[in-house]
Amino acid sequence: MNKICTIGEIMLRLSPPFYNKIEQTNTLNVTYGGCEANVAISLAKLGHKTKFITQLPNNQLGKSALKHLRSYDVDVNDIKLKGDNIGIYFLEMGFGGRPSQVIYNRKHSAFTNICYDEFDFERILKDTKWLHVSGITLALSEQVRETVIKVLKEAKQKGIIISFDFNYRKKLWTVEQAHHTIKKILPYVDICFASLFDIETIVGLKTTQSFNNLLEKRKHIFEQLLNKYSIAYIFGTVRQIYSSNENSLSAYVYSKHMMYQTEDYRFNIVDRIGGGDAFVSGVIHKLIHHFDKYQEATDFGLFTSIIKHTIQGDACILIEDEIINFMNTLGKSTVQR
Amino acid sequence: MNKICTIGEIMLRLSPPFYNKIEQTNTLNVTYGGCEANVAISLAKLGHKTKFITQLPNNQLGKSALKHLRSYDVDVNDIKLKGDNIGIYFLEMGFGGRPSQVIYNRKHSAFTNICYDEFDFERILKDTKWLHVSGITLALSEQVRETVIKVLKEAKQKGIIISFDFNYRKKLWTVEQAHHTIKKILPYVDICFASLFDIETIVGLKTTQSFNNLLEKRKHIFEQLLNKYSIAYIFGTVRQIYSSNENSLSAYVYSKHMMYQTEDYRFNIVDRIGGGDAFVSGVIHKLIHHFDKYQEATDFGLFTSIIKHTIQGDACILIEDEIINFMNTLGKSTVQR
Amino acid sequence: MNKICTIGEIMLRLSPPFYNKIEQTNTLNVTYGGCEANVAISLAKLGHKTKFITQLPNNQLGKSALKHLRSYDVDVNDIKLKGDNIGIYFLEMGFGGRPSQVIYNRKHSAFTNICYDEFDFERILKDTKWLHVSGITLALSEQVRETVIKVLKEAKQKGIIISFDFNYRKKLWTVEQAHHTIKKILPYVDICFASLFDIETIVGLKTTQSFNNLLEKRKHIFEQLLNKYSIAYIFGTVRQIYSSNENSLSAYVYSKHMMYQTEDYRFNIVDRIGGGDAFVSGVIHKLIHHFDKYQEATDFGLFTSIIKHTIQGDACILIEDEIINFMNTLGKSTVQR
Amino acid sequence: MNKICTIGEIMLRLSPPFYNKIEQTNTLNVTYGGCEANVAISLAKLGHKTKFITQLPNNQLGKSALKHLRSYDVDVNDIKLKGDNIGIYFLEMGFGGRPSQVIYNRKHSAFTNICYDEFDFERILKDTKWLHVSGITLALSEQVRETVIKVLKEAKQKGIIISFDFNYRKKLWTVEQAHHTIKKILPYVDICFASLFDIETIVGLKTTQSFNNLLEKRKHIFEQLLNKYSIAYIFGTVRQIYSSNENSLSAYVYSKHMMYQTEDYRFNIVDRIGGGDAFVSGVIHKLIHHFDKYQEATDFGLFTSIIKHTIQGDACILIEDEIINFMNTLGKSTVQR
Amino acid sequence: MNKICTIGEIMLRLSPPFYNKIEQTNTLNVTYGGCEANVAISLAKLGHKTKFITQLPNNQLGKSALKHLRSYDVDVNDIKLKGDNIGIYFLEMGFGGRPSQVIYNRKHSAFTNICYDEFDFERILKDTKWLHVSGITLALSEQVRETVIKVLKEAKQKGIIISFDFNYRKKLWTVEQAHHTIKKILPYVDICFASLFDIETIVGLKTTQSFNNLLEKRKHIFEQLLNKYSIAYIFGTVRQIYSSNENSLSAYVYSKHMMYQTEDYRFNIVDRIGGGDAFVSGVIHKLIHHFDKYQEATDFGLFTSIIKHTIQGDACILIEDEIINFMNTLGKSTVQR
Amino acid sequence: MNKICTIGEIMLRLSPPFYNKIEQTNTLNVTYGGCEANVAISLAKLGHKTKFITQLPNNQLGKSALKHLRSYDVDVNDIKLKGDNIGIYFLEMGFGGRPSQVIYNRKHSAFTNICYDEFDFERILKDTKWLHVSGITLALSEQVRETVIKVLKEAKQKGIIISFDFNYRKKLWTVEQAHHTIKKILPYVDICFASLFDIETIVGLKTTQSFNNLLEKRKHIFEQLLNKYSIAYIFGTVRQIYSSNENSLSAYVYSKHMMYQTEDYRFNIVDRIGGGDAFVSGVIHKLIHHFDKYQEATDFGLFTSIIKHTIQGDACILIEDEIINFMNTLGKSTVQR
């Protein structure tokens, strides 16, 4: 069994029941989520040994987040309990033409004061095969950025596969800030989850050249990134929004010598949050066993992402058989009884 | 800031959770609603100074209705606390092919005994720019009808703009009763919200003439009304029902010298109740600033109505920016984070 | 099996969860209750064939009340579905020093328009052994009073045992109104549930005589009633209130030739409503089999009442064995596993 | 009024709220369901006198199931209270591409030890016009099978109409086991609810002949069954699954001399469980009055089934008018107020 | 009507239902609370015109707090919407021998960055008769302390009565920090809510003298404070804890020339939070009308505090009649029906 | 860190909210519990490395039980997923004089078919310092009894400390059955949790001798057991029941050469289930470190048990500091803020 390690913030997630707005409710549904935590949980459900690294306040809130992770069999033994606030996000579920709203209450959270020296990364990364981190984490504070870069350096030296998800959030940092930091990250990255916007605008690989269509442009821009850094694959999804309850997704992968693009699938949504993290989880699940089966990884990632949209909470908590059944039936599966 | 005043009944609204029927539930979700109260709340949310006039029992039920209105910044200082029962309506939410059911428990409510002389309408209407009332209110009792007619007379003398929404409910009165009362109302009305049915059947402007289509017929009938009374605009919506969860709406406006008809938009529904009141609110919101921008008012009214269907409860509680964002994206808006 | 018939109003009961006030909640717990309906349900649970007579609106609210009664095996076949409003009461549960509050929303309910001629009482009362009615019912309207008096006359002719519970509610009628009506009722009554206040103030059997204590006074006053009417027994309870969560009760019975008074028992309370109706049920349960075992009836009535206070909802829904177990252990019973 | 009797298991049904998975919830919604119990409840709601025969443990769980049935006016007087466990099924509601999951916890339930001699079927079946049973019941235990076969024999002798729903569940028995038992049942059956799979694979009426389409094949296979047994009609539905939230259904009926097939209707789903039982109920409702109006029965059955999908819980609890209104509007019905 | 102004932080309060611990729940009950906000709400309920000054983030969380205050008729027009986080506290309700736990998640909240110059205190304090602030507010940040001191200075110049509640919280600041700040506050204070600990340890008025009992000591220490500053009254309560569900309280008042001490009352508890703020509210309610009726104020404050413990949420939301009824019956009040 | 291993059944526990009876509710609160599982969870919370051995069905129900255990850091790696039903118990919470009721639905559960050979006990017991089992487990089936006896033999050989809790449940087996099995168990037992009833009636160490009081009798009987078997300590508690909400407990320990008895403490109750298991956990927690500190163990066990009664669910989930704080304050602890 290969060990996978992710590093980031896990937040308390609070959302009003049944499409109410925050001002209408007097109860909030509770769960926990955060990009890298979601990936760790999904991969644990898919059968991997996963470890999550973060910092949480040493109180009932921090410990409840630990309990949540532990219940999904994520290794929490190296999480540090220190600091004042837990990061919180409030989620007002959209419906139809009304978009979902995320309200962050995470500024100055315990995680933003994480310190590299207070963790034993030498031991933590031992036997680790894969390390995953996202741009959201990098956006949180200078201390986080310093810590993550040190961890990536250490991981690179140990020959660990490093994946990075751009996941740009404009409520957290500007394009300039992201550009400045991510440039330092890319030399360590083996697998990258990115959109055209990420590479063109954040990395800054713009061109004045004109293209017949978006696909050609993406191919051109992505090739530049693949030429510049030692990145094996760029994965991504393209989303069409019909309403808050109905989207479609297709997925792609690019390497230096090939590209692959799936069909577009339309689906209903119970909870969209974490759809991207489920894609990452599905891709890693396949790639960690067969690093060259990029098509299979893209397909599995896409369907893991789509079915995540039918699950309450941030993480896809289905097992492999359930995802395979979904791929085979495309949702036309009867009641299982 | 212009003051808007509405007069009518606010009821306790009780509905079973998650599409259950009344006989299946042992909890009821609580909110408050009523045609003119919904308009007052929506307009307050859109930034207007609004006052609501009604009569409620002087007990915890009446006071909780006050608290609800006050929480949305509606001026409740002239509401009279007197009488025995609060009007209640039970709402069994429909789903798919099963229609929603409204069960009224409002007969003999405190409001039906409202008395003009017990309110200081001289003061209440001072500085008021707009007064709104609906046909539901007129249906409730003879005392209500007398009071409303006196208020309209008073308002007319003060030069207040008067809008009237036909809102015919066959569970509350017959076509004959409505005809008899509304005829007395129309001379005071500046803006009228009406369907072809309302003008043809309730006002009684039928014709034996034949038309190529409904539009021509509506134009003909509406012109008769505009010729007969000093009504500036007739606004209305046309609804297609695909299921309890999916409808479409278009909107129109007629004046003596023009008409305007929007496209038809299809949408998903969380709570249809108050969709018409949201249309009224959106129209008033625009018209109160620019009385001649009827097209803008129709569009804004339509989208306020459509997005209301995604909100729990009777009233649209979104702010102007949220409605404009919806108009711009037509619901294809991503999670806001 | 003896048939017991009760006549009165069953109301929709709505109460906020967990000691919240009405203005604080946005959900209400739903059940149904009313003096004579509670007695019918409890007696059905105690193994009797019971029939309940009332009038309810012919809509989902009326039918849900029927469903509630039927689920407890009360015969609802002679309930009339007619009228507009269901009677509703809101219950704000008190706690500690804060008293419970009942807010009635029952004026003009369907039941208040009940009409003797629309029921087939000839058939309904056939084979009936016992008929029970309370003062609350008499308070509701002139039509109710007329109907009940006709029913009592009919029942008397058929030799049915008639029990009457004074249950004076000052929110429903004045002492004068009660006096006027109850005087007409008493000639028909065999068993009467009454307090000293009821006999002294409502019946009007005051005295200027002085007594050593309340017991002597009660004995004196009750004897006057027993002498004046052909009443076999007067039952009643005496309540001490320590807080909304803790009361004590004792019970008594008087006939012409004896009296019996129980000890006073102190107990905790989940839901006090219907405590008196449970006493009535317990007394009838014993007396219907052995009309002379008044002591046993008083004891069983008292403990049925006390344990009712530990049950949510208006009615005691325990079976005989559970009440006997409680009498034997006085609440010192361990977990039953 | 004709008496209808059904025999089978009623289970406690537990399902997580709002599309959560079992591992995510700490509350479960409670109702009761089971093939023949659902049919009894629906037919009671449609105005028939229905009796349900089963065996339940003599504890609060068994008695709560009784209370549920009684609340819908199903006659429970011949249900036996005996045994240890109540059968339970857990229902994880699917959404979009994620299918619903039924987890049975019913092995060795009280019903599986039912014993013919402990019921007075002579009396129970007296005045019964129609008896219904399903294949699920036969799958449960040898004792159940023995009992049902004796009941069918007894019913046949009394001239009662017998309907049988194949309802094959692979989690409960193998095709071989079903074949062996159902062969013994068919000689008693007058009306049979079956799919092509049921007749071909379970009854074993396969053919090597080739057909232009499924309709022809079904016609051929069904005719064989009709020729072999004295079955008057075979009814069935054909379901298309678009997602867990959206299916379509058409219905058919075959007799020796005719067939009838409805159009296919697409619809939204709140709760699919019991859709088949609603079809059975609708068919029986029509056929019991006019045994030859098979087309009307098929149509009414189909729409009863479709609208069941909009109702929470296993049984269709609508009255005839509501189903007729649905048939007339095809779901395009406005709010009823 | 006199205007009362309070300044402080209102927090989102989140607590698990029914005595669960945070790690056990997946829903949280929502309300809002904070020392001075509670006082503002209670005084509004008691009939006063109250204004609350704070700073909240300009998002759904800040606006929901506004809505909460507005629903209780607190003037929110001068609250500033600015900053990132809303202060949050989690409340794990204790039971029996298990104490309640408050977990703060309020560090760096929007309020801690409040800036005097961004408010128009000249206008805000106009017509204000009473200003109240607590030690919790002073503990939050240097910016808060600066702002409050400027406000107090301004208020003093305007002749506004200033009350101050020590409310020392060791989780927020040390005794030394409190001492340093409160010394600067006391010269402005007219009414002070304090315990012996507050004056002895925080103000630092220790003595080496020995006393016969605590009362004598308190008298001695309090007199020193009254001599040193121009404080008219020191009010306070003494609490005995029997369990998380049962406490007792007595209250006292000291001025230069007198003291008054109530009896000790024992009571049951639904929600202890805000008990002290209710005492403050009751005292101000009486004193604002009759500044010399300190005994009446102490009594009314004590009973307002005791009955608060029976109310869910931070603030006493009862009206004057309800508190007077409680004082008269000492909780031995029957169901009000 | 010492490893503790427990073996038994973990059941799904379902209970109606807020003191409702099962027949009144349509939601059930979900948790998991069972004697030895409770001990494993509590000891994990107290800082020990604990492993739980059981057999659960390989479906969502079994896996949710695993998730529950894992969330509390109990090692579940040797739990076998096999079989049909999960054991379930329904808990109707008593109140006041109404006792709690446990309704078992566990007959023929997966655990009852446990088979020694399908577990690798050689490896499981390696490094184990303490093994705990209870009489409930032995009552479940012959296969369970065989397995447990083999495990005890194996453990004894490995020098593991073995504790046994009689926990006699009359709903599960007769005294004779218990006698027969427990006789075989006692030779392996080092620590035994037992009442006088257990030793006298189940072990059968009766005497005809007369005693001055229960204490003397217990001493005499217990000494016989200590003489007959190589049992180091007998621990137990004595419970007084005042009501379902209020009990008192004292605890005792006996060895060959001493005895110790605590005072009796009275307390309020939220959830009594698991009180005995908490006592066991507290005793083991202390004894595993210092086998001779029996007094300290008895005290700590008693207070762990008492505070368990304030926690929802079967297991005490408090950490050592919380229990020590409780011992120091005896529940007179203020809000911790």
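As written, the chains take the letters A, B, C, D, E and F, and residue 1 is the first residue of each chain.
Note that a residue touches a chain if its C-beta (ideal position, glycine included) is under 8 Å from a C-beta of that chain, and two chains touch if they have at least 3 such contacts.
Quick caveat, the model's predicted, so the values are computed rather than measured.
J.: Note down the smallest number of touching-chain steps it takes to go from subunit B to subunit E.
T.: 1
J.: With centres defined as the mean of C-alpha atoms, identify the chain lying farthest from subunit E.
T.: The most remote chain is D.
J.: Using only Cα atoms to place each chain's centre, name the chain farthest from subunit F.
T.: Max centre-to-centre separation from subunit F belongs to B.
J.: So which has more C-beta pairs touching, C-D or A-D?
T.: Of A-D and C-D, it is A-D that has more C-beta pairs in contact.
J.: Please compute the angle of the rotation superposing subunit A on subunit B (C-alpha atoms), rounded to a multiple of 5 degrees.
T.: 120
J.: In terms of residue numbering, is the interface formed by subunit B and subunit D classified as same (over half shared) or different (under half shared)?
T.: Answer different: the two copies use largely distinct residue numbers here.
J.: Suppose each chain is reduced to the average of its Cα coordinates; what separation in Å results between subunit A and subunit C?
T.: 63
J.: So, what's the distance in Å between the C-alpha centres of subunit E and subunit C?
T.: 45
J.: Can you list the subunit D residues in contact with two or more other chains?
T.: As it turns out, subunit D has residues touching two or more other chains at 17-18, 21, 23-26, 67, 101, 104.
J.: Of all residues in subunit F, which touch subunit A in the complex?
T.: 67-68, 70-73
J.: Which residues of subunit C touch subunit E in their complex?
T.: Subunit C reaches subunit E through residues 18-21, 23-24, 94-102, 104, 169, 171, 239, 241-245, 272-273.
J.: Note which residues of subunit F are touching subunit D in the complex, please.
T.: Contact set of subunit F toward subunit D: 14, 17, 21-23, 25-31, 59-61, 63-64, 67, 84-86, 88, 90, 92, 101, 103-108.
J.: State the interface residues of subunit F toward subunit E in the complex, per the touch definition above.
T.: 17-18, 267-270, 306-307, 309-313, 317-318, 322, 325-326, 329-337
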